[in-house]
Amino acid sequence: MPDFTMPSLGADMERGTLTRWLVEPGDRVHKGDIVAVVETDKADIEVECFDDGVIDTLLVQPGANVPVGTPLARLTSPAAAPSAPPSTAKPKPPAAKPKPPAAKPKPPAAEPKRPVPAGHPEPERGKPAPAPRRPEPATPLVQRLAEERGIDLTSVNGTGHGGRIVRADIERATRPKASPLARRLATELGVDLHHVYGSGARGVIRADDVRAAARAPRRPAEPRPAADEKQAAMRRAIGRLMARSKREIPHYYLGTTIDMGEATGWLRRRNRELPVARRLLPAAMLLKASALAAREVPELNGHWLDEKFVPGDGVHLGIVTALRGGGLVTPTLRRADELSLDDLMSALKDLLVRARSGRLRGSELDGATITVTNLGDQGVESVTGVIFPPQVALLGFGRIVQRPWAVNGLLGVRPVVTATLAADHRATDGYTGARILEAVDRLLQHPEEL
Amino acid sequence: MTTTKTRDADKAAGNEPITYREAMRAALRDALTRDDRVFLMGEDVGRYGGCFAVSLGLLEEFGPERIRDTPLSESAFVGAGIGAALAGMRPIVEIMTVNFSLLALDQILNNAATLSHMSGGQVGVPLVIRMTTGAGRQLAAQHSHSLEGWYAHIPGLRILAPATLEDARGMLWTALENPDPVLIAEHGSLYGMAGELPPGAGAVDIDRAAVRRTGSDVSLITYGGTLPKTLDAAERLASEGVQAEVIDLRSLRPLDDATIMSSVRRTHRAVIVDEAWRSGSLSAEISARITEQAFYDLDAPVGRVCGAEVPIPYARHLEEAALPQPDDIVAAAHRAVSGDA
Amino acid sequence: MTRKKTAEKRNTGPAAAAGAPDAAVEERRGLLHEMLRIRRFEERCVELYSAAEIRGFMHLYIGEEAVAAGTMAALGPDDAVVTTYREHGHALARGVSAEAIMAEMFGRSTGCSRGRGGSMHLFDTATRFYGGNAIVAGGLPLAVGLALADRMRGADRVTACFFGDGAVAEGEFHECMNLAALWHLPVLFVCENNRYAMGTALAREHAETDLALRASSYGTVSWAVDGMDVLAVSTAARRAAEAVRWGGGPHFLEMRTYRYRAHSMYDPDLYRDKSEIEEWRRHDPIDALTTRMRDTGELGDDDVAAMEKEIAAEIDAAVEAAKAAPLEPVEDLARFVYSEEAVRP
C-alpha cells in the first residue's frame, strides 16, 4: 500500500507546507477523499488521496515544510482493517466524527486564504482533475420539505452552491410540467396548473390545456377531453371500491404514537455513508417495519374471502400513491418483508416513479395482502384509512413531527409519528390489532435490524 | 456563335425561365459592368467557365485582367483578395467549395474578419467571397459539407445564403457595396433550379430574413439548400391540417432575430431545418436565441432537423439518409404541433 | 507627417552646423539615427515591460535594426508595407510616430490601433503601414493583394513585405511567391533571416538553408544581403525596389541578420549558446557604422551624444504622452468589428 505523499500542485512547485490534517489514524479513506490542506506559493489547497485504505500513521505534523514526494501518512489496505460496516464496527459513535468526503459543510469564511470554494480545485495545477465530488448534503429545511412531500432527493437537481439542493429546487420538483407558454397563460388566466390535465408527451401541460381549463367552469356542457374522462372513470372506480368497503367491512380503528428518535438518527448516520443516489427515506423504514410487523401478526396479512380469512402467501404491501392529476393507485411491493432496506428503497422509488407516470405493469396493481398509507407528505399527523377489500387491514402513518416527549423520566423534544390501524372486525379483534402496532413501534426502536 | 451574354440577354428579354446559375452570372455581369473596381478571381473561373459554370463566358466579355484564373492556392488568392480590398478594389473571390475554403481559413478569420478591429478601424475589407456549399450530388465527404455555420461564428464577417432566384440575382451587388467582408454560400443543388425573375430584378437587402410561406401552427426556420425541401414539407403539412410558416434566413450573420421571433410569437412552435451538423451549430444558435427571446411564447420544445453527424457518404441511399428530407421535416413539425416532442 | 518631422530634425543636426555635408554623408547619418532610435526605443520597452506597463507578447528587434532602417530608406511615401509581429523597428523607420506606437503598447486610445492591436499589431494607413501580422506568413497574401491592386490600376508603387526565416517553411510563402511571380506583381519580399524560428535553428527547420536560392525557384530575382551592414541593406533594397517599381516583377532579398534578445519576453532563450550571441554582437550594425563614420571623420563624439540626447527626449516624450493618454472607452469595445461608413476605403 503506497504512502500518501506531498503532491506536486503545479509545474513549479518543489516543496509544500502541510497546514492541516483532515483525517486521524484509524480513519478509512477512499480514493478522491480530501485528507489534508497544503500551503503552496499560490494558496492553501485541499489535497486528495489516490488510494482506498485506512490511515495508519500520520508521519508529518502540521506546519512542516517538506519536498514534493515526501510521505505524509502511512495507509494500510482496507482488508487489514476491521471488515464490518464502519457504522457498527466503530467504537466511537460515527456522528461524532463526520467523514470528510460526504459531510463537511464548512463555511468558506472559516478559511479566508482559500481562493476557490472547497471541492473546486483550480484545474491549472498540473495534476489530473479530481473525480467529481459528491454534492453537498441538503440543508435540514430541504430534507424536511422533501420528506414532507415525499420527494426523493436523489432525483432533485441541486442548483445551489456546489450542486447543493436548495428550497427552490424542491418547489420546482413538485411543480407540474408545462410549456413556457402554458405557464405564462396560466398566470394570465388565473389557472392553477396543479389542476390542469397535460395532453403533451409525458403529461406536459400545453397552452391549449390551460385554455381548456380556463374555459371549463364557464362551459360545463362542453364535451370533456379524453383524459378528463379517464380521470372521472378512475374516480368512479375508487368510489365503488371505497363504498363497498365501508358498506361491507366493519372497521375498527387503533392508534399509537411512536418515538422516531432512534430511527431518524440511525437513518441520518446511514445516509451519510451512502452515495446520494442510494440514500434512504423515512418512508422506507416505515414500510419495512410494517412488513415485518405484518409477518409477526399473520392474522392481519391476507384476504377475507367467502366469509373466511385466507392468510397471504407472503407480505405484499399495497402502497397508496396519490397521482398529481388527482386520484390514486395502489401498486404492490411484493415480499416487502424479505427485502433489505436498500432494496426496498430502490424498489419503492421505481414503483412510485412508474406509478406517477402511468407505467405500472398490471401484475403490480393487485395481490396486496395489507395496505400502507402515508399522508405525512401532506402535513397530516394521522390517517385512519378505509380498507381495500378483500384485504383486512390498513396501516396509516402521518407526518414525523417534533413533540415534547418523556424518556426515562426526562422531558425532551423527539421526532414522533402517529401510526394507525384500520382493521376488519370480521377477521380480527382489537387485541390482535394492537399487536401489530406494538410490533411496528418495537421494530422502529431498532432501526439497524430492519 | 452564341455567347452566354446574348443567350442570357435573350432569356431576360423573352421572360424565359432562368436558372439560379444564370441569375448568379447576371449578377456578376452587372457588378463588373457597373464598377470597374470589381473583378472576379478563383480557380477555373476563366477559361473553364467556373467549376459549376457560373462564370461561363465572362472571360470573353471582361478579359483576363478582371476574370482571373488562379493557381490552386486558396490561401494566397483569398489573401490577395483581402489585400486588394484594403487597397480600395472590390474583389469577388470564388472558392470552389466550402470544404476547400478551409485552406484559406487563416486569411478569412485572421485577416479579413479581424483587420478592421485590430487596426482600430483604420482599414476595411470590402471583399466578397463566393463558395459552393452542401451535399446532394453524391460528391462524398470532401465536397459536400455545410460549413457556412462555422463562418457565422466569426464577428467581422457577414454570411449570406441565397436560396431563391431573386437573391441569387440581387445579393451580390449589395454585398459588394458593403464595406466589410461578405461570404456568399451557394448551395450546389440550387444551381439548376429554374424559374422566372420578375422584370427589373436587381439588388436586394442582405439584412432581413424572409417569410416564404405564412402559417399559424409552426415556424419552420431554414436557409439555402433546405428551403425547397422545407417548402415541400409545408405543402404536405397543409394537406394534413397543419399550417406551417417557412422562414428563409437569407443572412446567417447577422441573424434577423426580429423576423424569427415575430413568427415564433405567433405560432408558438419552432423547428429549425439545417443540412449542417447539429452539434455546436447554427441551428443550436437559433434555438438558443428563441429560448432567450421567446421562451414564454413557446408551447413545445424547439425542434431541429439536421444532417446526420457523419462525413457525407457517397452512395445515394446513404447520402439521402444523412440529409434532412421532407418526411423528416413533416414529422418534426407534427411532433411540435402535437406536443409529442 | 512624422516622417517629415524626422527628416527636418536630421537636417538640423550638429553636422549641418559644421558645414553642408554631402548627400551620402547625410544619408549615413540618417541611417545611424534611425537604427539608434529603434534600439533605444526597444530598450525602453524592455524596462516598461518589466514594470508591467506593457503586457502581452512583445518581440524585440534589437540586433536587426539595419534591415528596417536600410529597407525603409528605399521606399517612397506611396509605397506600402506589410510586416510581422516583430515590427516596432519597421513602424518607427516607416514614420509611425514613437508616441503612437508607445501608446498602443500601453493600450491607450491614442495608440496607432486604438489599443486593440498592441505590440504585434501596429497599423497606420497614413504611412500605408498595413500592419504587424502575428500569423507567420499571414501577411504575404495581403502584400500580394495590395500589389495586385496597384498592378491592375497601373500605379508605380511597391509593396514591401517583411517576414522571417520561419515563414519560408509555411505553405502561404510558397503560394504567394508563385502567385506574385505568375502575375508579375510589384512586391518586394524582404526575408529577415535571423537564423531562428522562435527557438528552432535554421538548419533544424529547412532542408535547404539558402533561402534566396529557394525563392529564385519561382523565377523571382533573389539574392542574399549582409543584414548587419545597413549600407549594404539600403543599397540592395534601393536596387530591388526600383526594379520592382519599374515593372521587373517581384524581388526577394534574404537579409542575413540576428536578434540578440530572446524570441519574446516569455522566452528563456535556452536553445542557443551565449557565445553565438557575443559573436554576432561583434558585427553590430550600429557599432559598425559609428566606427566607420568616425574613422572617416563624418561623425564626432559630440554628434553621437547629441543624437542620443535627441532620441532620449523623443522616447521620454512618447512614454509621458502614453502614460497620460486616455483609455479607449469600454462602451466602444465592439466598434470597428464592422466598418463605420466614414472609414470606407
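The first chain written gets the first letter, and so on, giving A, B and C; residue counts start at 1 in each chain.
Please note the rule applied: a contact is a pair of C-beta atoms (placed from the backbone, for glycine too) under 8 Å apart; a residue touches a chain by one contact, two chains touch by 3 or more.
None of the values given here were measured: they were computed from a predicted structure.
Distance from the centre of chain A peaks at C, each centre being the average of the chain's Cα atoms.
Among the chains in view, B has its Cα centre nearest the centre of the complete protein Cα set.
Chain centres here are Cα means. That of chain B falls 41 Å from that of chain C. Chain centres here are Cα means. That of chain A falls 72 Å from that of chain C. The distance from the centre of chain A to the centre of chain B, with each centre set as the mean of the Cα atoms, comes to 55 Å. Among the residues of chain C, none is found touching two or more other chains.
Across the complex, chain B is touched by residues 179-184, 199-201, 204, 206-208 of chain A.
By the touch rule above, chain C contacts chain B in their complex via residues 80, 82, 111-117, 121, 123-125, 130-131, 133, 135, 138, 140-150, 152, 171-172, 175-176, 178-179, 182, 335-341, 343-345. Contact residues on chain B toward chain C in their complex (touch as defined above): 39, 65, 70-71, 73, 75-89, 91, 106-107, 110-111, 115-124, 126, 155-156, 179-180. Those residues of chain B whose C-beta lies close enough to touch chain A in the complex are 268, 295-300, 339-341.
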